[in-house]
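Some structures to go through are shown next.
Two complexes are shown next, each including subunit A; its partner changes from subunit B in the first to subunit C in the second.
Presenting the complex of A and B:
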């Protein structure tokens, strides 16, 4: 029986590149003198950190879409919920340093004339609790939502549409001041995280490195899940759901498990994103955001785990460049990219690269041996 | 409620399924013994596939009884629970996991714990390897072991799916048109394989190919408009005037 080692060639490559990213960026920012060609300016560090968080989000979508065939168009919601959990912690860390100087209540509550902290804010001043909520809130929503959807055997495009509705509903809810989460302004004006000033260069470097580590950990976790028998069942569900059922697998349990796991990964991505960009507001729930994530995955290569990381980094770098140079054309460019990839690179950048590699190595082999290569039975 | 004592493995009584007024099954009754092989024939729309859907839990009947081993009420269970009781099903078009290797297809079908946690933490044991080796040998796919199931020929896929059924170690196998799209030699081999399986397990075969049914040499049930039209040896059934009229023709 062929056993797939967790640390195959692709995993080693991904981990090496991430390790290089974790070392080079701080080095180029801190050690290279400003003005030298190697210097990375301060504002680029949180930008790169943001991309890395997006890559983790893309990875979480690939786990369910690429392996189990569940196309979630609402993963931005889990990302935003993780972000809000972190944002609530950061708000509580402001303490009396807010504009209104209230030691307990965040500014927006003072502004709304609230006298007491709402019950669901309790505990968020304690980091371990907030960190737990980063996982539990998205995970619990995924469990409840998924339980209803998968039990009723909602699949395919219908599932995708209700995930859009879910994130849209959450956006509307979070826009309301009554939610007690800052309304349309969201949560911002953060001061400290675990006692370190959020704006400081060293904190930003640390957050960036943590994001890269989270991405590496997320990648390894997904690789392990995909390589296990559980992962094989997921692919079986994707390719022949009823066959899997008649083999005796409870398909809805598998979908629920992987959906919740994926939502928690997305939550971690959101939690790391918020201190780096300094704000979380309801626009993170916008349905278009979730669709964009799917484009990153498709561009990078669905079902490859490494591809979505590449896709998220490339598309977001493109977005940064485009929105500065030709802001009106960004959405057209994104749309055309998606159409192009769907038509000409259905397996994404990574899939196309693999095909190219296989073809060229085959050619090389054919040139070395004058005899035609016969594909006899293995 | 006391369960009726039935010596039979599968017992369908008065099973009726209607879709929007159309009666796919109309008071169907059928009994299958332990280690019995039964061929089901009948024209299109006679209710053959619906009957399999009822037995495997895909469709709930509007009325009637479906008992397995005399005690398990199949109408109250879902597909996964019924599979676990020991009923395996092969679809009409071969349905295998195309992206998985032949070996992994069998691995997923092996009788094992089916829960998410169990599969996440499972370690492949040597025992499993031996079981897979034996199954590969039986369905003649040893040489294809590491190929993707999607690359197999139609006949090989049919056999792989039968292999997956055997891996489940079921007590009853439901096999829908195993000979469809096969060469004559493959058809004959499939009949041999099924006869061999039926030595220890109950098998229900739905088939249109009369040569194949004759090859099996078992009791035949002819369905028509959702109920049993005739039952007996193939010769007796083919001599039945109603069967000739609605199914065999001329």
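Presenting the complex of A and C:
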């Protein structure tokens, strides 16, 4: 560790870039006149907001994979659960403005001939409750699932496979109409959030800025966790789990705590994602989605915290471009990216950049002072 | 000579007149013949004029008389009546054939131009019922055994008492056992619901239906007529209870069979994975795509056979088997040599890289063959079904079960009795020790990966028979196969077998209670919980190998 301060050079850089993004995007969308080169058209704002949510999701995966060696192939499930919690709040806000005009029941329940609101929908009309659920539902699932898994020392690929089974099971469950959460179609047709119309440009800007703030907050939190004693134990678990256990640490408690924290971050990402894209449906639980998140982290650089943000933004921008310009080739590109990154860039873009930086700065230092320098921190 | 022909061909007024006379005489002669045949009267010919009255009551009696006459034309008459093609005019009855020509109903001869206006014999609901019954009884005596069987089933459903005499006649002259059984079933069904049947007849009928023992027989037995004597009711109740327990038994057998069938599919999909996962600890996410490649190889083989040698179609699957093994196996070796080799000791990275490969393979197949399902045909020897008890086992499912077990047995023998198998087992149990003993572990890795992928390819040939051959074929199996391998335990083929069959049967036994989706969810949760209890599966390797 080069520094123990929370605000080191990387953190400052990330925070200032995020601040710039939070200021520039609204400015370019609102202040720059349409038609000018600087203008950002309206449909790009929620798209960028979506990327930022994905970046937060990638960050949450990096926290467990990069620092604790837990590869979850089911993190999309926590993201989707947070999204569903927010979606339920937004459904309740529709009130009597649905197609069927029922004051209480969402449209799909009227359509399915349901007579009253299922118990688990109670309270979701009140925003603080829904916001709490955004954190609690993914967190509780992670606690229960993780408690079972870590207690019996399910590790490595076995853990990856059962997380995949978990998200697959959830997907099957949410596809059912009987689940009471919209089945196949999911939750959509949202009208307003906290009294502001969801579709309005100003709401979208606000949601975007909120997402960037959440990302910055998430980044700071992860940075803080990683730099703390707790984080040091996590790294020890990652590198030598048995040894850490023999030193007297309750490994499973550490794993459980960081797993639940990561799930809650993913839930927040999902909750911010839903009002911006306007829909949440069971396909968000698809195992393939969760695996894609892992590649964002790998591309950006696992264990760097800034890397996943870069990776998520780059891969998703690439996806948007490819699926519009060369739809046939997107899966080729994504597949090759998986192979290329794992084979040639195991530390991702940020890792490679850091290596380059250190090598050149070493050279620079060697040129300045002929005698070898030993690093204080190493 | 030539002049004479010319003269004959050239119409002269005299000749035209002569021809007309000739035609009239001929027509009169035909008419006379018709009358003569009508004069040779039987019940058929006597009944026929009644249609001409065009009263419902007469039509009704005429139908019965015609149907029981035994005349070969009677079936045509009744069918024509049903379709509104039985015409009357000038006291005669005609049949308008489907082809449009008109024939005399009495003689069956073609009738040139109709004399005067013809109109169809009218029918009402009562007549229609008689028509159906008559047709049933008429086809009961058909020369074609398939038609007789069909008629027997129709009578079983309609339970028309009027058919009874014909039915008795048909039973008496029936030569084929299965048709005879069907006829007797039909008779039993009629007798059971007939108001004035004798108790003796009813008891015999109950006995016949009990022997039949299916859902329909059960329905008949539980709907006895109200005037049935107590002993008949008791016998029927006993028979119904017997059928019920028999049905429950067969239902359970059927569920187990479906479970074995599903389990063998899982076994086929997972067995290759067990080898690669077992030897190298490598999670091959592209395994499903190897299955897909095998299925597409089958498709290609069939296409070639269709265009080049249609006679070989029956053998297409057998030809596809080695090819699918080679195609998928060589792709597997290629993947191992170019990607996985560099990632040993980093299982999580291998997982990501193979996922990337699976995306590339999927999109590659989609680009070449298109995103839609491809048609893979079933050879004649695999279509059809075997009936056991009340269930019917389709031959392609039986073939897949047999095939899956055969593949399993062969793999087991390969692993146990060949040098390759010995090396693979050695590397699975202790890689470093095997290396120290002079086994070239990297070569074994490549071969084992090729073997596992090749087996997946063979699985693809089998699965092409029951699943859609599309680029997404492999995706549907990957999670299930992992579940099987993880449940069964790594490094032991028996674990895979037990895991696959257990999951298959558990899935099918849960389905009737929980529904397909909930059953599957319950199973996934059960596996997740199971892994907590036994993190290394049912048949875990023991000893030092575990920590290696």
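Following the convention adopted for this analysis, the second predicted complex is superposed on the first by the 362 of 378 C-alpha atoms of A that agree within 3 Å, B and C clash if a C-alpha of one lies under 4 Å from a C-alpha of the other, contacts with A are read in each partner's own complex, and residues count from 1 in each chain.
Note that in this section contacts are C-beta pairs under 8 Å (C-beta built on N, C-alpha and C of every residue); 3 or more make two chains touch, one makes a residue touch a chain.
Being a predicted model, the structure only gives us computed values, none of them experimental.
Between subunit B and subunit C, C touches the greater number of residues of subunit A. After overlaying the two complexes on the shared chain, residue contacts for A:257 are found with subunit B alone; subunit C is out of touch. In the superposed model, A:239 lies in contact with subunit B only, and not with subunit C.
By the touch criterion stated above, A:229 is placed in contact with subunit B alone, subunit C being left untouched.
Once the two complexes are laid over each other on the shared chain, residue contacts for A:335 go to subunit C alone; subunit B is not touched.
In the superposition on chain A, contact of A:287 is made with subunit C only, not with subunit B.
When the two complexes are overlaid on their common chain A, residue A:247 makes contact with subunit B while staying clear of subunit C. By the touch criterion defined above, A:149 reaches subunit C but does not reach subunit B.
Overlap of the subunit B and subunit C contact sets on subunit A: empty, with no shared residue. Those residues of subunit A lying in contact with subunit C across their complex are 71, 73, 145, 148-149, 151-154, 156-158, 160-162, 164-166, 168-169, 172-173, 175-176, 287-288, 291, 294-295, 298, 328-332, 334-339, 341-343, 346. Within the complex, the subunit B residues that touch subunit A are 56, 58, 78-80, 83-84, 88-89, 91, 95-101, 103-104, 107-109, 114-116, 119-122, 124, 128-129, 132, 143-147, 164, 168.
The part of subunit A that touches subunit B in the complex is made up of residues 1-3, 225, 228-230, 232-233, 235-236, 239-240, 242-251, 253-254, 257, 377-378. If you check the complex, the residues on subunit C that touch subunit A are 281, 283, 285, 339, 342-343, 346-353, 355-360, 362-364, 366-367, 475, 479, 482-483, 486, 517-518, 520-521, 524-525, 527-529, 531-533, 535.
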